[in-house]
Amino acid sequence: MNELKQTCKDVLTEKKARLIIGYSEDKNKRVKPFIARTPEDAEKFVFNHHAVNNLAVYISRFKNNFEGKIGIVVKGCDLKAVTALIQESQVKRDDLYIIGVNCSGVVREIDKEFSKDNSQIKCKYCQTKTPAYFDAIAEESKEFELTVDDQQELMTKIEKMSAEEKLDFWNEQFEKCIKCYACRQVCPMCYCEQCIAEKSEPQWIDSSATARGSFAWNTIRAFHMAGRCIGCHECERACPMDIPLTLLTRKMGMVASSEFGYRHGMSIDEPTLIGSYSTSDKEDFIK
Amino acid sequence: MKIGVFVCHCGENIGRTVDCPAVSKACASFPGVVYSEDYKYMCSDPGQNLIKQAIREKGLDAVVVGSCSPHMHERTFRKACESAGINPYMVEIANLREHCSWIHNDIPQATKKAIDLMRFAVERVKFNTPLQTIKVPVTKRTLVIGGGISGIQAALDVANAGFEVVLVEKEPSIGGHMSQLSETFPTLDCSQCILTPRMVEVYQHPKIKLLSYSEVENVEGFIGNFKVTIRRKAKSVKEDLCTGCGLCAEKCPIKKKAFSEFDEGLSNRPAIYVPFPQAVPNVPVIDRSVCTYFKTGKCEMCKKVCGREAIDFTQQDTFVTEEIGSIIVATGYKLYSIDKKPETSIYKGYGEYGYGKYKDVINGLQFERIASASGPTSGEMLRPSDKKEPKKIVFIQCVGSRDESKGISYCSKICCMYTAKHAMLYKHKVHDGEAYVFYMDIRAGGKNYDEFVRRAIEEDHVNYIRGRVSKIIEEDGKLIVKGEDTIAGLQVTIEADLVVLATAMVAQPEASKLAQTLGVSYDKYGYFQEVHPKLRPVETATGGIFLAGACHSPRDIPDCVAMASAAAAKSLVLFGADMLEREPIIAKVDESTCNGCMYCQKVCAYNAIEKKEIRDRKGKLIKVVAYVNTGLCQGCGTCNATCPSKSVELTGFKDDQIFAQINAFAEV
Amino acid sequence: MEDKFEPKIVAFVCNWCTYTGADLAGTSRLKQEANARLIRVPCTGRIDPVFVIKAFESGADGVLISGCHPGDCHYNAGNFHARRRWTMFKNLLEFVGIDSTRLQFSWVSASEGKKWVSVVDGVIDSVRAKGPFTQYKKMNKEIEIPVQTGEGVPAK
Amino acid sequence: MEELIISTENFKKIVQELLGKEFRVIGIPEGENKYQEITDGSKLSLHPEAAPTSSSFKEYFFPKSEPIFFYKQNHSSVDLFDPIEDKKGIVVIGAKPCDASALPIISKVFNWDYKDDLFNKRYDSSLIIGMSCNYKDDYCFCVSTHGSPENTKGSDVFLTSLENNYFSAAAITPKGESFINDYVKYFEMDEKKHKVIERKEEIPEHFNYEKVKTWLDNNFENKFWDTAGEMCLGCAQCAFVCPTCHCFDIVDEQCSSCEGRRAKNWDACQFSLFTKHASGHNPRDNQEKRYRQRISHKFKYYNDKFGEILCTGCGRCARGCPVSLDILQVVEDINALAEKS
């Protein structure tokens, strides 16, 4: 813990970054995002099982405004978002000072203690406990065992359904949607100044939270994540209506890797899935 | 908006299955339609006048015509409307013929569909916007890359039309492979004799700037407005001072070190050399890889003997940039060399024919040099190993070509002809000699081509054997050629003195690199890719870049010359006007909402999209956005569909236009 | 005719290959069913997946997307990019319950008038067999004028 | 009138009758944590100690999306059609004080210069049965916003939980009185004198509203705002689960080229689009300003205009916030600042 505080302190004292996005604890011991601008602020930094947020979402706040580097505390999984943002030219690697933390899993329900069962789905099949690259690393790794990936069951259950059953299932889910756009706002990859959902003249997606409006929004959002979602599961965590959004994004991810062997956010110079092609891409579905 | 609707009967063609008056009546009730009319032939003069009149009298802002396919008469109706004072892009065509009346029998059904199609067009036109054709200025200069016969022809054609040409050749002299040839089929006239005058003409032409021993380094810009950087390799000789007396070459101490590229390695040349006597320009270059001075720092013989003090060992590569309007690529070909290849190469080689191992197994170009009066044997038919006259000679066709297993599936096209020519030349010089040709098929399509081959067989008694050669082994000065005669069904063994391999034509090894510099596509062999195999065979997908000669595919001299002239013509078409006019169907970026994710750039096949920095007065960066180069954009709209924030739109096919059609579908 | 279900099909076709192929089918007087309505775009690369959603919102029972064969794209690579996009989108739609009969794809070149006919008729038949897309039509209900007041009293 | 009590069992019977009489009954079914339409009286649950639902029941009075009218465009005219109105009256059962008290608060904005029939029709024909609350967590602060776990504001009938599944029922409004009379057969006198279930912990007053208000009055420009909402991501989770947030957007939606509807949809001040002008100019051009607006509207502007605090202290916005931005702590900080000055 001190290690993180110390690292961040140094970074700010030595002006390696003009500010650092990290986690702090409020008086109810709730871990939340926090920006440190002075070495004193850095004292407030914490990292533990409750540091769920993917802080990469804040990077686009500083887009085109990098007088001095932006420091950011990232877990291994969050780093994929940073990489992806670089791939999609939203930020330059040089404009960031990346403080990696070894993560040993984060909670699902923030007001409960971390445990096998109270851990984010992504942690259950986590491959990136340690960030792939960083400018500084804090927190020595604590081991934690991967538990069963219970989302898979639901995934396969849905895949087995008939088309009609699937559509009914999803309509039931989407009808809960209140178009609060929490899924979009927490998503580090949703950096558009104007979301397609806000594009009027012409109206691309009904802004009403009607059956058709919600269906359109949620499917198109998932499609915009195709080959771009880095699987931080923030959307589902943020959804106040408990819509299992990551089923969609994860499905997209599965297709991307099965059809094109592609995973987003793995390498800065890798061409993106959408935006590149191979003449030998599969096309068995085309007559 | 006031919309006028015009339904064409196309005589009986639409009228037979579509109730046109009913369609016109239905359209009259669409919101926005103020005038609706049907007529027998809308494309006829009276028909067009009907439209013009309605535009004037009813003050229409937009017109929808229900007629044949837009591919037929869209232009006609646009022109008509323009002449009546409304923007041509405020006209929409509903395809009532090809897509309706001609493909359906049931009149009520067809009529309903026709009404739907009209509604689509009416709803769409409500969102059309007046567009102006785009005008781009044109720099009327052509860059020709490659100084072979194709490059020469293209350069001369453009220059003779009165436009400046920059001709870039990577070798010390222009002339290319043609200058190496002895005679040419099917007329057997001397290659040098017909080529040299052209080379000189190029050199002396006031409109042609010849940059020999140079290579294209970088290309920026777009059709009509390229900026090309050219590397001028150091010749170590001051061109302006050199008179081409040739004394330096004469006195150069190293005679035996370097193989002559021009003689395909059958002779040697000094370190300072001109490739061949008729070289243009007739200025020597120093091959620094062999020159004693550059190796040891001593010698300087050439410098000493040169009266004009033209030798300059300190010379460095220099760079020149040229403003160019069009580019003609004529980089030509190389011969497939058959010796063993590295695993990585797509070409597998022909170890079994012993090329490079047996001195008397040579390729077509080497034979040309032997047969050539200016060649190492001064035209005498002598074989490389012992300079004896070969009494038995074997020609093997399709070495490399048409052989997937050796990496090439295509036919090199010229080998049948030049082998026949070789055999003839041999027989004309060695009257008592025997010539054998192993072939797969004889492909002698072309004017007087088959006659030529017949002549070789019937008059010059060349023995044609249909079949492949499996192996060649050397035994006391003889080459034992083992093959089969598939017609007689026999194994044949010929004790030959000389074997000539008609090896495949392949693209220049650096071709793909150049293609990338130019931003044009190329196939897996490295041949440049035309934009359309039939209708646009000399154009590349990149506007203003054209192809000439064997850099596109194997072809003989007349084909190369024809293609070169075609490419020249394409350049001249471009130069026909001061301004380049283009359909205004291009992408536009909404900078206020663009995030600069540059997905549009990733999917653009024309490099038409660049990053653009937006800064405030003080120069502080506000944001980075995508920027569409109207000169390069071809209007496919892939960027539009890819843009996540919908900040790129394709004019003419805007999202609202398409949505309007989809919304209209709800009324179907 | 009235009582029999007739599917409504939207076809998004590229201008250079499929639209021209359909023209050829017309010029060759190849008869086909009248259920499909073509929307012409310059290139399959221009087709945004939202078009498909919109088509279903407009009451389509099936959507057909057709363009140039790979390698023949008038714009070099439009259809290659499109193909990737479709692989992703089609899988997504199947996952949320819009199966492959309702959204079909084909490559039809300018010379394949016959193929175009068989493709269109094929799509129409398979969608007809599948029946109307009632589930999606239900989703649209909220937007449509309520039937009860259909002809009813104009408001204030 | 003598105080009556009623058992949970009997209450379920009442629900059954209401359903028979074509009422929409809104409550929290057993085992659920969401207000929803009850279709079977026996499923009804009444748990004062239950945690607040993730969202309030405002959607039954002010739906997330509702049609204002439908239109049909003809060649040269437009026909308008009224939406079908739901004739059923709404009965909410077991509303927490922090939810019930929100209705009279937002009713004021819906009846200010323009009377919103869509809202009023539902509100007027409704009956709210509130229930005292025995829940407390870090997020609760009803007391600080002039409310309390026993606050009867907004309820027509108010239930206080007694031992062995009994509730004492008090009529707060005439409406409530007639309701009790209609179903009096299910109520009984409290002979046994059931004891009221005392709450384990009192909810403290976290801040002094008046102080906070005065500070807000004078500190529109204050560096406090630069960091207060800094981490807010600008989603509308807080607004949409809030019982008092009432902003809406009006949109036209096409279902075909000449048919469609005009609809009224939830909107929220945390969206960047909320104040974006057609010109592209946005007076609240960053999240900090938008967050100031949210706080100020709740604790100052609304009070200035309607004499009400636009917050009942339910704490939902904080419980659900993806970045754990806690309105209570923000207002506490303001309170601290206020005390300093």
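Chains: A, B, C and D, in written order; residue numbering restarts at 1 for each.
What we mean here is this: contacts are C-beta pairs under 8 Å (C-beta built on N, C-alpha and C of every residue); 3 or more make two chains touch, one makes a residue touch a chain.
Just so we're clear, the structure is a prediction, and the values are computed from it rather than from any experiment.
Novice: So which has more C-beta pairs touching, A-C or C-D?
Specialist: Between A-C and C-D, contacts are more numerous in A-C.
Novice: So how far apart, in whole Å, are chain C and chain D when each is placed at the average of its C-alpha atoms?
Specialist: Going by mean C-alpha positions, chain C sits 45 Å from chain D.
Novice: For chain B and chain C, what's the span in angstrom between their mean Cα positions?
Specialist: Computed value for the inter-centroid distance: 38 Å.
Novice: Round to the nearest whole Å and give the separation of the Cα centres of chain A and chain D.
Specialist: Chain centroid spacing, chain A to chain D, equals 32 Å.
Novice: If you look at chain D, which of its residues touch at least two other chains?
Specialist: Chain D, residues with two or more chain partners: 65, 253-256, 259.
Novice: Provide the list of chain C residues touching at least two other chains, using ranges where the numbers run on.
Specialist: Residues 57-58, 77, 81, 85, 140, 142-143 of chain C touch two or more partner chains.
Novice: Give the residues of chain A that touch two or more other chains, as numbers and ranges in rising order.
Specialist: Those would be 196, 204, 206, 208, 210, 274-276.
Novice: Drawing the touching chains as a network, do you get a line, a ring, a star, a complete graph or other?
Specialist: Its topology is that of a complete graph.
Novice: Residues of chain A touching chain C in their complex?
Specialist: Chain A residues touching chain C: 158-159, 161, 163-171, 196, 204-206, 208, 210-212, 215-216, 219-220, 222-223, 226-227, 248, 251-252, 255-256, 259-260, 273-279, 281-283, 285-287.
Novice: Spell out the part of chain B that touches chain D in their complex, as residue ranges.
Specialist: It comes out as residues 28-31, 33, 119, 123, 592, 660, 663-664, 666-667.
Novice: Name, in rising order, each residue of chain C that touches chain A in their complex.
Specialist: Answer in residue numbers: 49-50, 53, 57, 70-71, 77, 80-81, 83-100, 104-107, 119, 122, 135-136, 138-143.
Novice: Could you pull out which chain C residues touch chain D in their complex?
Specialist: 57-58, 140, 142-146, 148-150, 152-156
Novice: Any idea which chain A residues touch chain B in the complex?
Specialist: Touching chain B from chain A are residues 63-64, 88-90, 191-196, 199, 201-202, 204, 224, 271-272, 274-276.
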